[in-house]
Every structure is written in C-alpha cells, then in structure tokens.
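These are the structures, in structure tokens.
Here chain A shows up in two complexes: once beside chain B, once beside chain C.
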Partner chain A sequence: MVMILKKSKNGFWTLLSLITYKKKDKPEEFYIPEVNEGESRQVSQEKNNDKSTPSTNEKQNTQKDNKGLKKPIPVSELKKEKTESGVKKDENCISCSIDENIDFINRMFNAPVNKDIVVREFNIAGHYKAFITYLSGMADKITISNFILKPLLAKKSVEDAEEDCKLDYILKNVIETHQAKKITSPNEVIYEILNGNTCIYADGCNFYISAETVGFDKRGVDKPQTEGIVSGSQEGFNETLRTNITLVRKIIRNNNLVTEFLTVGERNKNLCSILYIKGLANPAVVQEVKRRINGIKTDFMLGDGMMEQFIEDNTFSIVPTILSTERPDRTASHIMEGRVAILVDGAPFAKIVPVTSHSLFHTPEETYLRWQYGTFIRLIRFLAVALAALLPGLYIGLVGYHREMIPTDLMIAIVKAKENVPFPTLLEILLMEVSFELIREAGIRIPGIIGNTIGIIGALILGQAAVQANIVSPVLIIIIAVTGLGSFAIPNYNLAFGVRIVRFLFILAAAALGYYGITLAFIAIAALILSMKSFGVPFVSHLGPQVRQSHDAILRWPVWKQEYRPDPVNPLDVRRQPKISRKWTAKDPKTGIDRERNNDDEGR
Partner chain B sequence: MKRYKVFCLLLILLCWMLAGCSPDLVEIDEEVYALVLGADISANNKIKITLQYPSYKGSGGGGSGSKSSGGGGGGSREEIGVYEGNIITTVEASSILEGINLLNTAVSRQISLTHCKLLVFSEELAKQGVEDYLAPMMRYRDMRRIMHVIVCKGKAESFIKENINTIGESESKAIELMATQSLNNGLFPRMTFIDFYRNMLSPYEQPLTAYAGINDFSKLSSGDEETASPLKIPEGYLPSEVPRKGAARRELAGTAIFNGPKMIGVLDSFETRCMLIIKNQFKRGIVTIEDRKAPGKVIPLDVRLGRKPVIKGYFENGVPIIDVRVNIEADLGAIQSRVNYERLSLVEALNGQIKEFFEAGLRQTIDKTQRLNCDVFGFGEYIAGNFSTIQELEAYNWKKHYKDAKVNVTVEANVRRTGLMFGSKPLKSSQ
Partner chain C sequence: MMKEDNFGTKEAVSLATLAIITKVFYTSPFVIVNSLGTAAWYGTLVSCIVSLLVFLLLYQLMKRFPGDDLQAVFMKVLGKVLGRIVTVLFSVYLLYYAGMNLREFLEIIKAYILPYTPPSYIMITFLSVVALFAFLGLEVLARFSYLGLWIVLITMGLLLTFGSTYYNANYIKPYLGYGIDKTIIYGVLRSAAYQEFILLAFIMGSLQGLKNFKRAGIGSILLSGGVISISLLLYLMMFQYTVGSENLSGLFQISRSIYLSRFFQRVEAIFLFIWVISSVVTVAIAFYISISIYCKALNIGDHRPLILPFSFLTFLVAFFPKNLTETVEFHMLFIRQYSSFVVYGIPVLVLVLSLILGRKRVESRNEKV
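Our next item is the complex of A and B:
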C-alpha cells in the first residue's frame, strides 16, 4: 500500500482503482453474421481501404448508395453474380485451351484451397500437353496409374495417330478402363469428377474423356440390421447404390428390369435410381414416381428417408405410406408384383411404392416358410399391433370405467396391489410408458458395449424398483411389458413409431371417456387411414371395395393358390402363375416301374 | 374433400365434448366391492341389509388374509365384522340402496355392487314376497345381473356370517365355485338374478332359487344306533339336514320354489335333481339304488341325461296335457354285490330298475309342484304353442291352471358304460 502511494503520482486514484470494479477489455465474441450484415461489414472495411487509398469515385458512389438505401441484396442476385463470374462464360462449351481448362477446374473446385481435387499435367507420349483430374479419395489410384497414366505416357502410343484431336484416338485406342466416354459439357465434367471418375483433357480438344475409376471405401454386404429373419436370405443393402442395384438384379435375372437414374439435391447431387420391370409395372406409376422425384427442389438429399418425406402423399399421416426395406429379396418380390423400388445412394434402404397397409405387416420370413406357419406369424403380428396400440388404453378404460368386466378375483388383486400406490392410474401408466420410451431410445443411442445391458437395467431394475417403491402397481408392469413386446413385434420400423404415438392418444381417450373414448379415437384414426392413398392406391384397398384376391394379403394361402398379383397396383400382367402351377400333380410319375401290374402278376 | 375430413374430425371431437369433461373416471381402489348381499326382514317394515366385502389386506387373490385378521385378537375383530380378510356389515334401512348409502357413514370407500356374487334372501322375507326389493335392484345400474340368488333358512345375516371360506383365499372364487357344484351333483339349482326376475314376469314359468341353510353338524349319527335297519333310498335332504361334519357350516341343498314373488315351498335335494332333469339342467350326479339281487347292497350310478327331454304340451277336452319323455344314461359306479350286471341279460333288468326309480322320482316331484300349483319346470312354454296370441295365453293364465294339467312321464334308461371293469369275479378268501 505504502509502496503504491509512494510510487504513483496520483496516489488517490491508484488507491481507488484498487478497490473499484474495472470493466475488462474483452475481445469481441465470435458470432455468425447475417448474410446482409456480412455484406455491410465488407463494405465498411472496403470503405476504410478506400479512404486510405482513394482510387475510383464510382465505387465510392455505389457504396454510398448502398449505405443510403440499406437495400439488402436478394439471394438470387448474389447467386447470379457468382455464376456469372464462374460457369456462365463457358457454360455450354469447353475451351480448347489447356490453361483455360485447368483454370476452370481449379476455379470450380476451389483449388488450391480445396485440397481434394487433383490436376495432374503431363505430356502424352512426350508431345501433347494434357492433364487428368480427379477427386482424391473418390477415385481408385491404382486404376488411374495403371490403366490411364501408363498407356498415355508410353511413347509410341499416340504418335501414329492421324486424327485432329488426339483425345478421340486416345479414347478408342489408349485408355484401358472399362467405361470411358466423351464429355462435352462443363457441368457434366464436374459431375463426373464428383462421382469419382477421372477426366482426361488434351490441349486443343473441346471435350473431355471420362474414365471410370470410381473406388472409395465402402461397407461390404452385411446382414440386415432391422429386418432380420430366421429362414431365408441374410443379405442386406449397404450404402452404395451400385451394390444395392446389383443385389436386386442378382435375384431378378430379367432383361426387362430397368434401372433409371435421377439426380436429386442441387448441392449434393445425390444419385437416385428407380427399379421396375418394364412390361409389368404400370407405366403410370413409373411416370408418377419420376414426376415426383424430378419435382423435388432442395439443395441436400441425404438418403431415402428424406426422399420418402419429399414424395409421400400424406405428410401428416401417422402411418407411413411408403414401404421401406433393407432387404434385396423383399425389394425384388415387390418389384415382381409390379411395384417400383426407389434406391438412393448413401442409404441401405429401398423405398417401395405403391403399397397397401397389409404390406407393412409382412416380412420375407413368411414367404420362405410354409403357408401355415406364415399365416400364424402374420396373425401374431396383427395381434401385436392391436396390443401395442390399445392395451394401456384398454386397461385404463377397464379399471376406470368398466370394472364390472374384470373378473372379481383379478380386480381384488389389482386393488390390493394398488392399495399403497398414491397416483391415479393414468399417471401410473404415463409414468411407465414414458420411462419405457426412454429405455428404448436410450438403448439405441447408448454405446454398443453397454447397449445390451440397458434393456435388462430398464426392464428389471426400474420395473422392480418402481413396484417396490409403490410408485406403480405390478399389474401395470405386465401391461407395459406386453405393450412393449407388441411394439417390438411390428415388422415395420416406421409403423411401429406410428403405433407408439397412437398409443398415447388411446390412453388419453380412455382416461377421458372409457371404451367410448377408445371407440371414438379408433374411428377417427380409421377414418384418416381409410382416406389415405399411396401413389394413387387407396391405402387399405385390400379391405375396401372387393378386389381380386392375391391370397397373400392378410392370411397367406398356399403358394400355388397365389395366382394373381395384387389388384390395387394394376400391373400389366395380372397373373403370376397359371391355375395349375404344380403341373406334376396332374401327371403320373414315370418311374419306369408299373407297380400295379407287377402286383397283379405276382397274384396270378 | 378436405372440408369433409375436417367436418368428420369435428364431429368426433364433438362426441367428446358433448359427453362432458366430467371426471367420470373412478379409481379402482376408491371403491369396495361387495361380494354378498343379504336381506332380512326387520321391524317397522324396514329391511336389514348385510354386506360382505373384502378387506383388501394380505397379498393373495380376492378376499384373503388369515394373516391380516390375526394379531388383534379374534373376539374384538369379530365385533366389527372382520372375518378372515372379509368384512361383514349389517345396516337397517327402508330400502336396500339407501342402506348401502347409509353404510358409507362408516365404510371409508364407496360400496359398489358391480361385483356382487350372491344375493341371499331370508326365508321369512321370501315368504312375504321379494317384489319390493327386487324391482328397484333390477333398475339399478350398479347391480350385477348374473349374481346368484338363494333363499336361506333362518336369517340371511347369520348365513353370511357362516359364509367362511375354508379352501383357498379367494372368497369370490369360493362363491362362484360353490354355485357351480350344481353342475356336478344337481343337488341344488343355479339361479341367476336376471333369470329369477324374468321367471317372475314370465307367463309360463315360476321362479325358483337354491335353498340354503346353516348346518349345526347335529344330524350326523353318532354310530351308536341300530345298524341292521333296512337301507333307505332315495335320499333327499334339505339344508341344515345333511349328515356331515366339518367344512363351512353353510350349505346349499334343495330348491325354494316361488309363486310369483312369494316363496311357497321347497323341494329336497332328490326332488331338485328330478326337476333339473326335466328342465334339462341336470349335468350329472351320483344316484344310489338298491341292488335287487342282493338286498342291502347298493349300486351307485353316475347318471346323466342321454338327450334333451322331449316335452309336448297340448289340450284334450280343455285339459292341458304334458308328455315328458326323459332319456337317462347311467354309468356303473360300483357293484357291491359283484353280480355281473354288465351281461346283456342282466343289464336290461338294471335298466328297468333305473327307469322305475326315476319315474317314481319324477312323478313325486311333479305331484308335489302340482299340489303347490307351481310350474317350476317351465311346462307353460310348451303349452304356449297352443295359443295363437300372447294375449290369449295371458288371459288363460297357465300359472293358475298348472294344477289341473295331466303330466305323463316316461323314462328311458340305459346303462352305457361299465367303468374300468367288465365283469367282476368273486373274491377269494381262505374260508
């Protein structure tokens, strides 16, 4: 203290500064500026620069105008400016100069800031200037070096050529990759590079050659994660579109299986393919699918889940109207019924349209099984949906309104169990339902090693503890457990979600009005589902107006009885098989031994 | 289309709103569920109502808990009506429903009759007529219509007090299974509340209930009496007369028969069986007949109906005639005398004996009801076909004319199965 007083000229102020609060000089925090704000920032910076080095009056004037009007520049104009400076100049044709082309590639891929784009310049056969370009990581380097660079650099390869442009000759004679084609549009060049292909350019030509060199790391064909079955194929889709199409094509060996490619997403240009059998699928359906996909205007398309939301009929419906599957065999069987499959690059799922409600209850399991077992497990699934949606609601209605329906002994047992529980039944149910949903969600999100145990922890410990702590009655645990089992038995993941949500509606309806409320809620939901369509097909057309039976809707009939394809899809070929599909039953087995006559002979 | 959808949704929402947001929901543990309802006559034209309901203590199923009642000392607990996990309360009021309300001055939970299993009328009340008590109960929403109705000797209150469950923990199960025993022995009928009431209204059938009582275990012979007295069959018992000891004191045996709302007589357990045979409600029962080839020895028979009794009703010279043809099948239960009744020559004789036995029993039962002029068999249903309109039938009043009817009974009896043995050899001993 004394030191400070002695040292400072104005001791009082120093002293004061020690005991008063001083605001710290904080550096400005980072924040993301608005688009226009950024503009004005730049403007002001430029202004400062201008002040220091005054160059042109025009610029200043425009800046002043901008400031005076404070007019935000519309996004479309911004875009225009960019494109004007970028592609527009050579939008339709490719320059004949190698320097301009290198410049074009660098500009389009933001090189050298962007490190992924590789532009390799060299001289073809030591004479002609050329370059190849590809995206590092997306293209297979061994293919490039062995089958593109090596032949091109070989001295004698191009010397004999007499054509004007060496690339034509190269395309025909030198490039050793399987696929290679001429590309004349700059946009296409970019697209090819983005896909992992290698583009080759030689000085003096007005086109590129694109050679197929796609080679990136991908997951192998694995077991399906969400649609496991016991008997039957264990192959599932993976994230690569090509592989997925192959998996389907492997099952349907038919030359009429058509794969059409469409591009969706303006910025990420995701590849999407439509699979159908020409001459079987109704052309109207194919047309409609293409119309809807082409009609999507969005900048980012990530897989099939997003695609579904963009093309489905009822976006507010609680049940899905598009079937999602990760099984090639299921996709194939739907294609064979005259439906259209949509596969999107980057997601291991196929979307199938149009579908009716019963398809959501099917799995390939019953196709592989004998019909008796198939029918049985299907009935179990219908029961599962009913339980998962209704059971808690029914319980509430039963104990809250319709107690005369409970067997007396059970009722007294319920009362005794509930004797020390302080909450109303509704709260008990909601409590347990919510914790069950928590367990479920946590079980999916939790890291793999402890993921398996969460089920045990959740079900056993939480349930047991809740009962012991008199928070819920034990009967309720059974209700919730059975409900949970029911929702797990629903084969379609999306449908299961719908059922889980609807369950809460039924709980509230039952709490408000008992079974009458459940009936009302059921009518409301049924009315909504009945009014829905999936790509022009009424969603429950199998129950609705009488249609030709495919014998594979709700019950599964013997496979020889399934003579027709599903009626609502209106396939071009209605019959799946003739009336007598097991021709052998109508004929004698020709074993070469006439057993009857032999017997007769012995008798004689 | 969209407007149409919205309209439909609004309609459904409206259903909700119009039903009112009143909290109709009653928590299951806010009520207590009476299992037995008893009615006795009391002074000043009042009625004494006795209720039995579970105490919700103990861990088992319905109405349990010997553990719960222990500890506090049996005597004092019984004063407040706690018996083995059940509580029995009695109240006096001018109507049953008000009485239940009045009970809630002391019972902490709303008493609900939705799970009532048993309705007990005292004989005294039944003889005065039950119409004053039944009609309002029929109207009451809470009342369970499939509960069983019985009439008990003595007071309903004391009957309910003796309604102590000896097997298992669940009182409601005990009551239900007790009534079901009618299917195994036919010694008393099953009568539900709704059927009882309907028969009171019916123009061609009289109501009946099971007849109950309390057994003081005094009928059991001590064993000191003369043993050489001749065998006495058939045996018909009335409640509180069954020679037995142990188990619950309350017992059901025989039938109380009503003329309209008033009880006018009883059938003993054997007559009850005969009545149930004609009504096609006799499932099975063991009947003992004397062995004619070996007097003093008996043959127990497992008897059932071979087919539905064929009943025809018609008029002859203004006299109603009822033809009843009963087909009875019997299985040999045992043959004490070891006579081979399985042989074709002997089985015919046995068939004849069974036929006579039942013909006499049916005759006796029908005569008794005709003396009381009480058609508990529902013969009127077959007579009704002779009238072209229901008004004519009602004007004729079958219930009044039953005593004039001529009832012809024919029985066909067949021994169908011989049990696990076919023929029995004489037993060998050293003598």
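Our next item is the complex of A and C:
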C-alpha cells in the first residue's frame, strides 16, 4: 500500500512537473575579470625590470602602505636578495651556479608550463656539470646532437683544459657549429634562445656560449607575387631575413655593403636590418633611419608594413613616401644609388628610403629593356595613373556640366544608351565602382584559382547583367573597365590604393562642381603631395629645389647617358660612370689606335 | 617669429609671373582693347617697361637693406609706428586684391561655366584651397606655381595655336591705335597691372639674396610682358578691336571659338584648368602675404591661426561689388590702374626718404641700422 502510495505520489509529482514551470539551473558564465590597469602595469614593469627577484617584489608590495608610498628596503635584505637570485639585480650579470642558471632559464621561459623550452643537463666529458638550452622547433636538433652534444660528451673533450671555467676552452676547441660566441648578459641569453640558437652553460662560469643552430621551417625563394616582370630576374624575397639579405648580397658583391641589425618590438623582439653601401649612402640618411627605428616603442612589430607606418614622414598622406619592393634586384639597384634598404624578419618586402615620387612609377622591367621600350611603358603607366584617378570624374563632369564639349553623334549615342536607365550618372558610377572594388577584394580573398576566375567572371556577368537590367549604361561600363585597367597597371601596390581612394574624391568633386571641382581637387592633392618629404628629401624633387636633371625620372634615357646617381639622395659619390662609359667606341676595332681626341662625345 | 622656407629663382619667377598673367584670362584684355584699340598689344609693353623701372628702383631700396623684407625696410626707414601702419596698409590692400580677384574669377565662372551654382558655393571651395596653401606655407605655393606655370604656358600655347584658323593680320591695323601719345599715357597709367612683382620684396627672406630677387623680378616682368603682349596680339587678330572690346574674357572666347574638326570643338571646358590654377595661385600668394606681413608687423609668431579669419574677410571683400560692372569698372580699375600710386608710390617714397635720411643697413656685430 505504501509502495502504491509512493508510486502514485512520484507519478503525481512527475505529472505535476510536466505542467508546471521549473526554474533552470543557470550555469556559471565565463567573463574576463577587470584588471586594475595601474597596478598591472606596475607589476609588469617590475617584472620586466627585475624578473629574477619575485620575492623582492612581493616584499616590496607588502611594504607599501595604503597610500601607495614605498618604504625603504634594508641594506641587509638587498644583499640577501643578490646572493639568492640567479642574476644579480643591479649588475645584471650571470650567476656562477648551474642550479641558479637552470632556475633562471625555467623562470624566464615559464617552464614547466611552457613545453617549448628544452633544458638538457649533462656532464662534459663525464666530469663537469653543464646544460644546454634551446627552443624546440626553432633550433635544428641534428646540429645540436652532432656538433654540440657529441663533442661535449666525448671523454677527451676537455682533458687539456687548464682553466677553472671550461667554457672558454670549449668555445675555442670543442663546439663544431659555424658560429659560436660568448654571452655575458642574461637578456642576450634569452634573445639568442628566442632566435633559435642553443646556449651552453658549464658550472662555475659566469657566461654562456651561444651556438648557431637556427633551424625552423621556411619558404623557399619564389617568384615575386606583386611585381612580376617578363624579362629579368624572377627571384623574390621570402619571410626569412637571412635569406633576403643573401639575395641582395648575391647581386651586390661589394665588401662595403653593410648590414646592421636592430631589434624592434618590446615583446616579440623582431629583428630588422638596414642595408647600405658605406662610402656611397649619405651617412645622415643612415643615421636618420637608425634613429627612427631605434625610436620605435611598441610591444609588437609584425613586419615591414608596420615598420613603414612607424617611420614614415607623412602618416596621413594617401601616397606612400617609402618604397616597398619584394624584388632583390630592385632593392640592390636602389642601394647602388645611395639609398638605404630596410628588411624586417618575417616579411617578404624591403623598404627603400629616401624615395621620390617617380620611383613609384618605375619597375625593374624598364631597366632590363632597351630605353625606347622602357620609356614607352613608363609613359603608359603615367597615363594609367591619370585614367585610374580621373576618368570617372571627367565623365561625370562632361555629362553633368560640360555637355557642349560632346560632339553631337557621341551625345546621341550616350543619351540613347542612358535612355532607360533610371539612376543619375553619379549613382551609376558609384554603384559600379563599389561593385568593382568588391569583386577585386573578393578575388584576392578567395583562395587559389577560383580567386582569379571570380574576378573576371564576376565583372563580366555583373556588367552584362547591369546593362541588361537597365541599371547602368553600356558607356559607363566601358569607363569603369578602362579605369580598372588603369589601376591594375599602376606598378606600386600602395600607390594603387591611394589612386583608388583619390578616384572617389574626384568623382564627388566632379558631381558637385564639374571640371572646376576636379581642378580644385587636383590642386589640393598636388599641394599636399608637394609638401611631403621622404626622409628629408622633397617627395616631388624634380619640381625644385633645383637638382641635377635626372636621366631616369619620367623618361628613361639610354643607359650610357645615365652618368650620375639621383641628386636628391645626395650620395657621397655622385658619378655612376664616366662621361664615356662605352670606351670601346673611342677605339678603332681593328688597329686599336686612338681616334682624334676632339671628336664629339655625343652618342657614346 | 614666422619662419618661411627658401626656394629658388625659378620658383620665384613662376610665382610672380603666374600672378601677373592671370589677368589676361579675365576682363583685362577687353579693358585694354577698349582703351587702346589696335595698339593694345604693345601698349602693355609700355606698362611692362614702366614696371621694370619701378622694380629697379625697388631693387635700389632693397640693396640698401640686404637681407631684409620690404616690411622690415619700412620699419627701419619710417620708424616702428609708421612702418607698422604702412605694413598693415599693404596687408589690407593685399586682402582687398585677393578678394577682388576672387570676385572677378567668380563672375567669369558664373557667366561661362557654372551659371546655376550659388556664388558662395564657388567661393568657399576656392577659398578652401587657398587656405590650404596658406597652411602648407610659401615653399609649397612656390613649388606648385612652378608646376602651374608650365601647365598654364603650354595650355595657353595650345589654345592660341588651335585658334590660329581665325587669325587675320589685318585686324591689328591701324598699328598706332588711337594715337601713340594716348598709348604711352595709358600704358604708364596701366603699369599697375604688373604690380605683383612687389610681392617678391615681401618674401625676400625666402629668395636667398638680392641677386635672386633681381633675377626673379626682371625675369617675371619680362616673361609676363611677353605672354600678355602675345595674347593680346592674337586676341586682336581673332576678334578685331571692335568685337574685342566687348568680350568679357578674351582668352575664354578664343577657346570657345576653336573648331578643329566636327569632333573637336567647343573645348573651352578643358581650358578651365588653367583658369583655375592661375587664379588659385594669384589669390593664394596675395592672401598668404597679407597674413604674413600682418603677423610680422604685429609680432605674431604663427600665421596659421589667422588663416580662418582672413579667409572670412576675403570672402566678405569679394561680396563688396554689387555686380560684374561694378567689379570691373570700379574695383578692378582701381587695382590695375590707379593702385600704382599706392603700390609703387610708397616704396619709391621710402627709397627717397632713406636716401635723404641716409638710412641703410650697417653690417655690424648686432646688425644695427
């Protein structure tokens, strides 16, 4: 009976639970706790300043009273802290105890939580306590095994050593890697490990040995992605700094080609290098480049694009004042003209400074071609920029304000084509321009072959459909297509962006005030560009201040006529070649007798 | 005090030349042709020669104070108070000059290109670009004028060449116009049409020496004289003096008349570019120097905060005339004909005073006068 009652009771509650509201148990939601920014900054600063003495920091924190005032630390405690820690607080030098050094490495790299850091302890020649440390994945394990560990573990490796600290002897006689050096600063130890090198320490020494064991995966040298040419070199930079420097050095076989390394980014400590030819590049430019790079205070430096934004003169300009190239040959030719190249680890681009406006219109193609062809394609490029920036604006101005200019036949054709289109010309243009920009962006983002296909197919289908639906006129499709072609013909990727933005400005100016508006916009843009400088060099330098006329600015003269380096850069050696560079023209081909000296030099 | 950047002789020549020749695009040709008839084209050369003589006098004055701007010379010769008053007077005149040039430009644009656009709309956009130049500084303006002069001269050359189908050499007969005496008197009176060279004296500090000042002044006056004279000659050859004295803008009328083929006609809108470029440079240089000398006279360190108020004042000045007739027959007549008594008279008077008082710059340790 009791069971029945119980059953019926349970059944009742079960039935009741089906028809009544039951409050659900609310799971605890995750949220990011608020951090007191002031305190966290202070803590992180203290950590950076003195990472080896956490106990000190804690003590200091506890010593702070409620008002945030610091109490003086007793001298006895300071002494104690120095001896306790692996790295002395003020002297910033390496301890002589192996345990303290292992502790130091573990603490710096957050071991054992962080699994990448490897600390391998062993006895050198079976006697002396030592360890090696490296980052797994960054260092080449075969090099470590064969050229560091094997020699060190060999019985006879340090038998002849007489010093207390065996590392000096090991550095000179045992380590078999190509590069190895002595390191006396704890920060340098960390930096070397982060770069993929292996640090070796032996008990009783107050320094490490860093052996070159860099061995992470990298992309091979490939064709340039954005600066393809028909004739000439097909090599492009990749993401490895060393490889990129080698590619340049392979072209400039000059002992005065200097590579200086600088570190940028407080947290990621990215390596960047500046390349220049000593005795050719103006020292003031080199100094300024170093000053600007050293003056960057940021935690993270991803690549050359970020670097450019940190060091350029006009950050609000839509035209770049630093040349970006992924071609080693182009970089080399600029270095040979007295400019400075900046390479950043992890980016397949070099930045060239200082540059002038016409450099943005150049490609290596014309250097490889004969001057007639080079000049022709360069003029085509100037036309391309003009079309890409101005054509839609000019069309709007023409049909909106200056219809008298259009010949009657053409006017009839335009009117007929536009007869069924309900939108005003400005809206038509904006519609098509935005669609075009969307297709372009989609084409870049969609991977592989589909990306290229969608660009063409999308444009064709969209254009055709828009005309058939009477949304835009066929004339306008031609205008947009020619504008697009013009913008694709711009050789500099950054400049092409600038032109795309300026095009919209001209469209709006033309819609508002016709050709008067376009002219005002042109004047304003020209004034802004004229006011720009690239590392102290006026960006449009051929419009003054007065400089030596360049034979490779807008028109490309024959290569034997290009006797001087660009004047605005102020190189230390202005002459590239003698007045008569083709010496063979002054000699008789058969007899080798000199011709008369008063011959006209022209044409040699 | 304000720091003005340096530029070369070519830029200075371009700056002054562009400012002088701008008037040939507007009402100036018909005013001269109306007064001198067929002698207009060489009547302007008389003005050019008179201006050259005045420039040489100005050069003598500047030579006595090497390295000083004209406003500094005023201070040193006339004393600080009177010098400041004269400088501010010039500043006001230049503001008036800028405003009136803007108004003349507006009238032409309204008449030929944008008849339905509100005048204030045209003027505000124009003044925005002028203010931008004033903000960016004299060096940018000078460098732009170098670019602009090439564009203007080449386009003018094309324009006058395309119009050659209508030229008739007989239209410039009778060669002596209304009489040689009238031509010379009017030419002397009209010398104020070349007054813009005076602006170079206000920017002496940027010209890097008297030698460049002399070259820039003489070069700009001669180049402008040549350009204006050729333009007037071809204008007369196209329209003859009777019709020529009725066209509001001579060169614009030439551009409108161009007929090379059925396809290439009525191309005046293309030439609008040079109209705007030269007008912007002219107004911008007058506007900039107006602010600059005002700041120097009143010891104001930075000219940039004054750009907006001066823009507003220029905008106001441009609205002074009631209509085109008043603009041309009163204001432009004063600027291009009678302002010479002020613009040329004051520097010449200062030269005479400096000679009488024996004041000149003494090169000493403290650069005292």
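Just so it is clear, the second predicted complex is superposed on the first by the 509 of 604 C-alpha atoms of A that agree within 3 Å, B and C clash if a C-alpha of one lies under 4 Å from a C-alpha of the other, contacts with A are read in each partner's own complex, and residues count from 1 in each chain.
Simple rule for what comes next: a residue touches a chain if its C-beta (ideal position, glycine included) is under 8 Å from a C-beta of that chain, and two chains touch if they have at least 3 such contacts.
Just so it is clear, the model here is predicted, and its values are computed rather than measured.
Participant: Sharing chain A, do chain B and chain C clash or fit in the superposition?
Facilitator: With chain A aligned, chain B runs into chain C, so clash.
Participant: Tell me the contact category for A:V540 with respect to chain B and chain C: first, second, both or neither.
Facilitator: second
Participant: A:Y515 in the overlay: touching chain B, chain C, both, or neither? Say first, second, both or neither.
Facilitator: In the superposition, A:Y515 touches chain C alone.
Participant: Tell me the contact category for A:P424 with respect to chain B and chain C: first, second, both or neither.
Facilitator: So A:P424 only meets chain B here.
Participant: Using the superposition on chain A described above, determine whether A:A526 touches chain B (first), chain C (second), both, or neither.
Facilitator: Second partner only.
Participant: Output check: A:V399 vs chain B and chain C. Expected answer is one of first, second, both, neither. What do you get?
Facilitator: first
Participant: If both complexes are laid over each other on chain A, which piece of chain C (42-50, 60-68, 132-140 or 258-266) hits chain B?
Facilitator: For chain C, the clashing option is 132-140.
Participant: Could you pull out which residues of chain A sit against chain B in one structure and against chain C in the other?
Facilitator: 401, 404, 512-514, 516-517, 520, 523-524, 527-528, 531
Participant: Please give the residue numbers of chain A that touch chain C in the complex, ascending.
Facilitator: Residue positions touching the partner: 397-398, 401-402, 404-405, 407, 410, 512-517, 519-520, 522-524, 526-528, 530-531, 538, 540, 543-546.
Participant: Quick one: which bits of chain B touch chain A in the complex? Just the residue numbers, please.
Facilitator: Where chain B meets chain A, its residues are 1, 5, 8-9, 12, 15-16, 19, 21, 24-29, 31, 33, 35, 54, 56-63, 112, 114-115, 117, 144, 170, 172-173, 176.
Participant: Which part of chain C faces chain A closely enough to touch in the complex?
Facilitator: 6-8, 10-11, 109, 113-114, 117, 121-122, 125-126, 128-129, 132-133, 136-137, 139-144, 146-147, 262-263, 265-270, 272-273, 276-277, 280
Participant: Going by the contact rule at the top, pick out the chain A residues touching chain B in the complex.
Facilitator: Going through chain A, the ones touching chain B are 399-401, 403-404, 408-409, 411-416, 418-419, 424-426, 511-514, 516-517, 520, 523-524, 527-528, 531.
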